[in-house]
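Both complexes below contain subunit A, partnered by subunit B and then by subunit C.
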Partner chain A sequence: MVINSNINNVKTKTIGEIFSKDPKIICRHVDVFYGDKQAIKDVSIDISSREIISFIGPSGCGKSTFLRCLNRMNDTIDTCKVKGTILLDKDDIYDEKIDVVPLRAKIGMVFQKPNPFPKSIYENVAYGPRIHGLSSSKEELDFIVENSLKDSGLWQEVKDRLNSPGTGLSGGQQQRLCIARAIAVSPEIILMDEPCSALDPIATAKIEELINQLGKNYSIVIVTHSMQQAARISQRTAYFHLGELIEVGETKKIFTRPKDKQTEAYISGRIG
Partner chain B sequence: MNEYSLLIILLLISTLWFYFGNKTALSLKKKQLKLNSLPHYYGIYVALYSFIPALFSYLLILVFDGILFSNLIIEFVPKEILNSPDFNKIIVLAQIDNAVRGIYFGEQPDWVTIASNQMIEWNYHSLILNFFCSISLALGIGYLGFKNINEEFRSRNSVEKIIISLLGLSSIIAILTTIGIVFSVIFESLRFFAIIPASEFLFGLIWNPQFEGAERAGSGQEGLATYGSVPLFVGTFLISLIALCVSVPIGLFSAVYLSEYANKKERSIFKPLLEILAGIPTVVYGFFAALTVAPLMRNGGSLIGLDVASESALAAGFVMGIMIIPFISSLSDDVINAVPQSLRDAGYGLGSTKNEVITNVIIPAALPGIIASIILAVSRAIGETMIVVMAAGLAANLSFNPLDAVTTVTAQIVTILVGDQEFESAKTLSAFALALTLIVITLILNFYALHVVKKYREQYE
Partner chain C sequence: MNNNKPKILTANEASMIVESSVIKRRKKDARLKTYGRIAIGLAVSFLIFLFVSIFSKGIPGFFQYYVTLDVYLDRDRLDPKGDLSPESLYNGDARSIVLESLYKVINPKGRKEKKAAKKIISTNADVRISKMVLDDPNILGKTIPITFAVDDDIDSFLRGYIKRETPSSERRINDTVIKFVDKLSAENKISYKFSDYILTGSASRSPEIAGIKGAFIGSLLTLAVCFIIAFPLGVATAVYLEEFAPKNRITEIIEVNINNLAAVPSVVFGILGLAIFIGVFGMPRSIPLLGGMVLALMTLPTIIISSRAAIRAVPPSIKDAAYGIGASKLQTIFHHVLPLAMPGMLTGTIIGMAQALGETAPLLMIGMVAFIVDIPGGVTDPGTVLPVQIFMWADFAERMFIQKTSSAIIVLLVFLIFMNAAAVILRKKLERRW
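The block that comes next holds the complex of A and B.
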C-alpha cells in the first residue's frame, strides 16, 4: 500500500527508459539470491498495461529468475530470496499480507516446455476457474472453456474432442492449450518463459500471432532467445546481462540503435 | 582327482585359451594389421568358446550318471528284499550310498558290499569319461575358436552374442522354475479334484479337513471331512481388506508428506525409519499381533460393550496393515517424486495452493504407480501367513464380522502341512488345491493391475 512519492526517482545504471506512463507493474531495486549466489542485481523497470515487453539476453543471465519474481513463483524454490520492491497496481506483492493465490490468478504464466496436466483438454482449461470458483454452473464453466480455447486459437481444432487427453495434442497445440489454461482465469498479465523454444517454426508462428492478439487485452512479458521473435512481437525490449538490466527501450530503437556496447554485441550475435 | 579338480582344469584351459587368443591378436596388431576389435576380446572369445561347451558336458555327465547308476544298481538288490512288503527304494539306495562313502551302520549285508563296490567302479569310470569328454571339448572347441582369429573376425560382436545367450539362459531358468512350480501344483491339485469335486471345493461353505478315519477331536465319532474353501477365501479377503484400510491412507499420506512437505533432513530421517518396518520379520509382527494387539482390542471392545474374539480378523488385519505401510509409502513416494516439476509449476502458476496441487495434479498424475503399489501390497497381504496363523486363529468361520476369529488360505496350508502327513490323502492334497486357487487369484490381480496401469499411462503420456 505504500506509494512512494518519489518512486520515479531511482538511481540506476540501466540505459534507456525504464519508466512507463501507465505502469501495471513497478519493480525497484530488485535483487534475487539463490543461497549466497546473486542471480539478479538491482533491477528497476516498469511494465505498462497492455504492452508486450520481451526480455532478451544470454543464457543464465537471469531472465527466467526475474520473470518468476513477478508472480512469486520463486517462492516454490527454498533457496531463493527476493529483495527490493515489486508493485502490482501499487500493491507490494511481497507484502506479508498478500496472498499468492489471487496474485497468481492475476498474473498467469506459460512455461518453456508445454506442460498440460495429464487430464482431458476440457479439464485442463477448467482447472483454474474451478480452483478459483469463477463459475457457478456447468454452463458458465463450458462458456469460459470455450472462450479461452477460442482466444487461444485452439477451439476449431479441438472442439470435437474436448474429452481426449491434453497430452495427446501436438507440441504447438499443447502450448496453446497452456495459454488457454492461463487466460481461463482472466489474468491481467501473462508471463511467458521462452514459450516457443520447444516448437517448430509453424507452431511458433501461430503462437506469435496469438501473442500479438492477446497483447490488446493483457500485459505480456515474454522471455525469448530469438531476437527476431522479440522484434516481431514486442513493443519494448529489455536486455539482461549477468543478472543486470543493461538496457531497456522501444524494440525498434534497441534493435536499430542500441546505446550500450554489450547490447549491441548481443544483438549483432557476438555474445550468445 | 575328483569332480572339483576337473572343474579347475577346465577353468585353467580356458585361461590358457584367453592367453593365446590375446597373444595372437596382439601379434596381428604388431604386424600393423587393423584389428576389428580390441585384443582382449579375442582372448575372451576363445576362452568362452572353450569353457561353455565343456561346462555343459561336465554338468550333464555329473547329473545323469547318478540317475543312471541308481537305476542300474537295483539289479544288485536280492529278490527277496525287492519283493518284501516294506521294500523302499530310497532307503536301499541310501544304504548303498553310505557304503560308497565308507559310512557303515552295524553289520553290512553282502549284497550291499558288492553293490557299493560296483558303484565305486562305475563312478570311477564315469569320472574318467567326464575328464576325457570335458577336457577334449575344452581343447577341441577352444582350438576351433582360436582358428577363427584373424584380423577381420569380429570378436567383439561374437562375445556380445555369447553373453546375450548366457543372460537369456538365466532368465529361461527362472521362468522354467516358475513354470515347474505351477505345474507341480496343478498336477497335485488335479489329484485332489479327483477325490473331491471342484464344485464342492470352490463353493462349499464348510472347511473341515480330516484324515480318513480320524476321529473328530474329542467327539469320539468319525468326523466327516468337508472341503468347502469359501470360508478361507472370505477370511483372506476380510483380513486383506482391513489391512488395506489401515495401510493405504497411512502409506499414501506419509508418501505425500515425505515427498511434498518434508525438508531434506526430515526426509532423511523418516524414510529409512519407515523402511525399517519392511525389514521386521513377519514372526515378530505375528506375536505382536497375538500378544499385544489382540488382547488390547478384546479389552477395548469389552469396555464399549463389543464382543471381540481373542483372536480376531481385526487384530490380524490391523497388524498386517502396519506391515505393508512401507510397501505403499515407499513406492508411492518414488512415483510422486517422478511427477515432473513442470506439472507442479503449472499448478502453482495458476494460483493453486500446495494442497490443491497435490490433490488435483500430483496424485492424479502418479495414480498408475500408486495403484500398482497398492496391488503389490494386496498380493503381499494375501500371501502373508505368520501374522494370520498367530493372530487370526485357525477356526474356519464363515464370517464377514471383523471382530470374529477367521482363518485364511495360507494359514490353512500351514496347518495342513505342519507335522506328519499322509501324502495321498485328500487333506494333504487340499493344500495344493488351495495354493493353486491362490496363485490364480494373485495372477488375475497382477494382470488387472498391469491393465489399469497401462490404461492410465495411455491417457497420461
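The block that comes next holds the complex of A and C.
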C-alpha cells in the first residue's frame, strides 16, 4: 500500500510549498472529471495534522470539487471520475478495498448550507455515533452528544431543548449543530465547504472562533470565498484557478507577498 | 432615410406605448379569468347534478317498507325435530305461519285471493323467523309482533312508482293485492323505515332483501391484497430506480415502460390476470386474492411513479449530510430518504388504491361478476366488489334495484371520500419541514 519512495518527488507547476513535515493527507497528481470535462488538473498537495488550511479561488475553480474528493463524496455523482493518488495516513483512499463508511467517519464534512436532519437536536448529534456503534449505552451516547455540543459552542443555547427539532434553530446555530454532528464521531479531519456563506456576520464570527478552537485537535480543510476569513483562521492557504492549484503557502505569505501573478490578481480583487 | 430605422425610444415615448397597450392586456386578463370561471362553473354544476341525482335516488334506497304482523310462533311447526338446530328450523313451516298471520289481518277469500296475498311479503320472511328463534328460543310458543320487508313490487307501489290508475293488466300487481295493501295501511300495519338489508344483506335476486355487505367485504379484502402486494413492490422499485439503477439504456427502457403501463386500459390487466393467474397458475376465479393481484398490477405504475417523485423531492443536502457522516447507502435510504418521502409515497398509493376501488373492467375478466350470495370470509372465498355489484344491479330489471344501485354508489363514494381523507390526514401528519 505504501508508495513512499517517490512521494516527495513530484513534478508540479504549483508555486510554493506543497509538502508538509507531518502529512495527514497526501494528494498526488489528482485529476477529476465530470464526464468529459476536467474539473481538477494535476493537483498535488499535503495536508498536515492539526492544521487549518483554506482553499480559495474564484467560483468554479474546482476547490469544492477537490474538497469532496478527500472523503469520496464525489462517489455520489455518477459521472464523476477521480484519478491520481490520495493517501490518508499512507493508505490510498481510492483503493478498491477501502470502504467509504469508515473513511467518512474519519473525515467529517460540514456543508455550505446548514443541513441538519429533520429530527431533534439530540438525534442530529447522536445519529453518527449510533450508526457507527460508538456508544454502548444511553449514558455514553448522552455524554458524546453533550461533549460535541459543548465543543461546537451550542450546549448553553440548546441544553434545555434537546428534543426540539434541529431545523428550528437559527442558521448559525444550525451550522454549529452540523459541526457538532461531524465531531460527534471523533473524526481526524473536518472538511468545510464554505460553512459561513449562508450566515450573517455575527454567526460567522462565532463559527470562525469555533474553527480556531477545533484546529487544535483536528485537521481542518476549509473552502471559502472570503479572503478575510481565510486570512483570519487558516495557517496555510491554497489558491485554485480553473482546476489548477496555482499557489500554496503560509497564509501570511500568500496574502502579503504572493509569488504568482494570478494569485496576486485574485487577492487584490482583480479576478474572482 | 425612412422612419423604420431602429432607434432608442425616450422614456416618455416608451411610457406612452406601454400605457396604450395596458388596456388591451387588462382586457385579455379579464377574458382569461372569465373563461376560467365558466369552466369551473360547468364542472361544479355537473358535479352538483351528479350528486343530486345519485342522492335523490340513493337515499330512499336506504329505506324500505315493512309490514308488522302478530305472529304466533308455533313450537311444533317451526321446529319439527325439536332440537333447535338450523336444519330443523329450515325444515319447519315458517312461511305458512307468516302467511296465516297475514290472512288474519286481511281475510282473503278463496284460492285466488290467497294467491294474491302471498305476493305481499318478501320471500325472506321465514329466514327472519328462523334467525329470531335461533337468537332467542324463548320466544317459541308466544305471539309477538314481527316486522317483515314487503315484496319489492309492493314497495314500488307504496312509493308510487306503480300507479293505481294504470290498467290492472299492465301493472305488476293486480287489484286484489292493492286492496290488501290498502287494508294493511288502514290497519296501520305498514311502516317505512331504515332498511335492515341494504348494509347487512348480501347479493340477492329479490331486491327488497339485497344488500352490499358481501360486496363491501369483498372490496376491503381485495384492496388489502392489492395494498400488501403493490405498496412494498412499488416502493422497492422506486427506491431501486432512483438510488441504485445505473443510468443506462436498460434503465431508460424500464422507466419509459413503467410510465406507459400507467396509461394501459385497465381491462388489459384483467386479460393479463386471466391468462397468467387463472390460465397458467390455475387459480380459482372470483376470489378477492386474485382480484387484489390483478388490481396490484394496475396500481403498481401509479405507486412507482409517485414514489419516485417523492424520493426525488428529498433534498440532496439531507442525503449529503447522511453520506458525509459515514452512513451507508442503506442507512441513508432507510433513515432519511424513506421517512421524508413517505407522505408523498402514501398519497400516491392511496390515490392508486382509490382507482383500484372503483375499477370494474379487469375484475369482470377474472369472474368477480359471479352472483355470490355468501359473504366472503377470507381472501380465498369467492366474492364480488362494490363497483361490480353496482354494475350488476344496474343491469337488473326490478324497479327497486334502481334505488339500490344509487345507494351502493353512495356507499362507494363515501368509501372513496374516506380513503382520500385518510391520504390528506396522513400527509399532513407525516409531513416534516426541512
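The working rule: the second predicted complex is superposed on the first by the 272 of 272 C-alpha atoms of A that agree within 3 Å, B and C clash if a C-alpha of one lies under 4 Å from a C-alpha of the other, contacts with A are read in each partner's own complex, and residues count from 1 in each chain.
Note that a contact is a pair of C-beta atoms (placed from the backbone, for glycine too) under 8 Å apart; a residue touches a chain by one contact, two chains touch by 3 or more.
Predicted model, so just to flag it, every value in this text is computed and none were measured.
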{"item": "First, second, both or neither for A:77, with subunit B first and subunit C second", "value": "neither"}
{"item": "Touched partner set for A:185, first subunit B, second subunit C, both or neither", "value": "both"}
{"item": "Subunit B versus subunit C as contact partner of A:265, first or second or both or neither", "value": "neither"}
{"item": "Common interface residues of subunit A - those touching subunit B in one complex and subunit C in the other", "value": "71, 73, 76, 78, 100-105, 108-109, 111, 113, 115-118, 127-128, 131-132, 167, 178, 181-182, 185"}
{"item": "Subunit A partner contacts - residues on subunit B that touch it in the complex", "value": "263, 340, 342-353, 356, 360-361, 364-365, 459-461"}
{"item": "Complex contacts: residues of subunit A adjacent to subunit B", "value": "71, 73, 76, 78, 100-105, 108-109, 111, 113, 115-119, 127-128, 131-132, 165, 167, 178, 181-182, 185"}
{"item": "Touching residues (chain side subunit A, partner subunit C) in the complex", "value": "71, 73, 76, 78, 100-105, 108-109, 111, 113, 115-118, 127-128, 131-132, 167, 178, 181-182, 185"}
{"item": "Touching residues (chain side subunit C, partner subunit A) in the complex", "value": "246-247, 315, 317-328, 331, 335-336, 340, 432-434"}
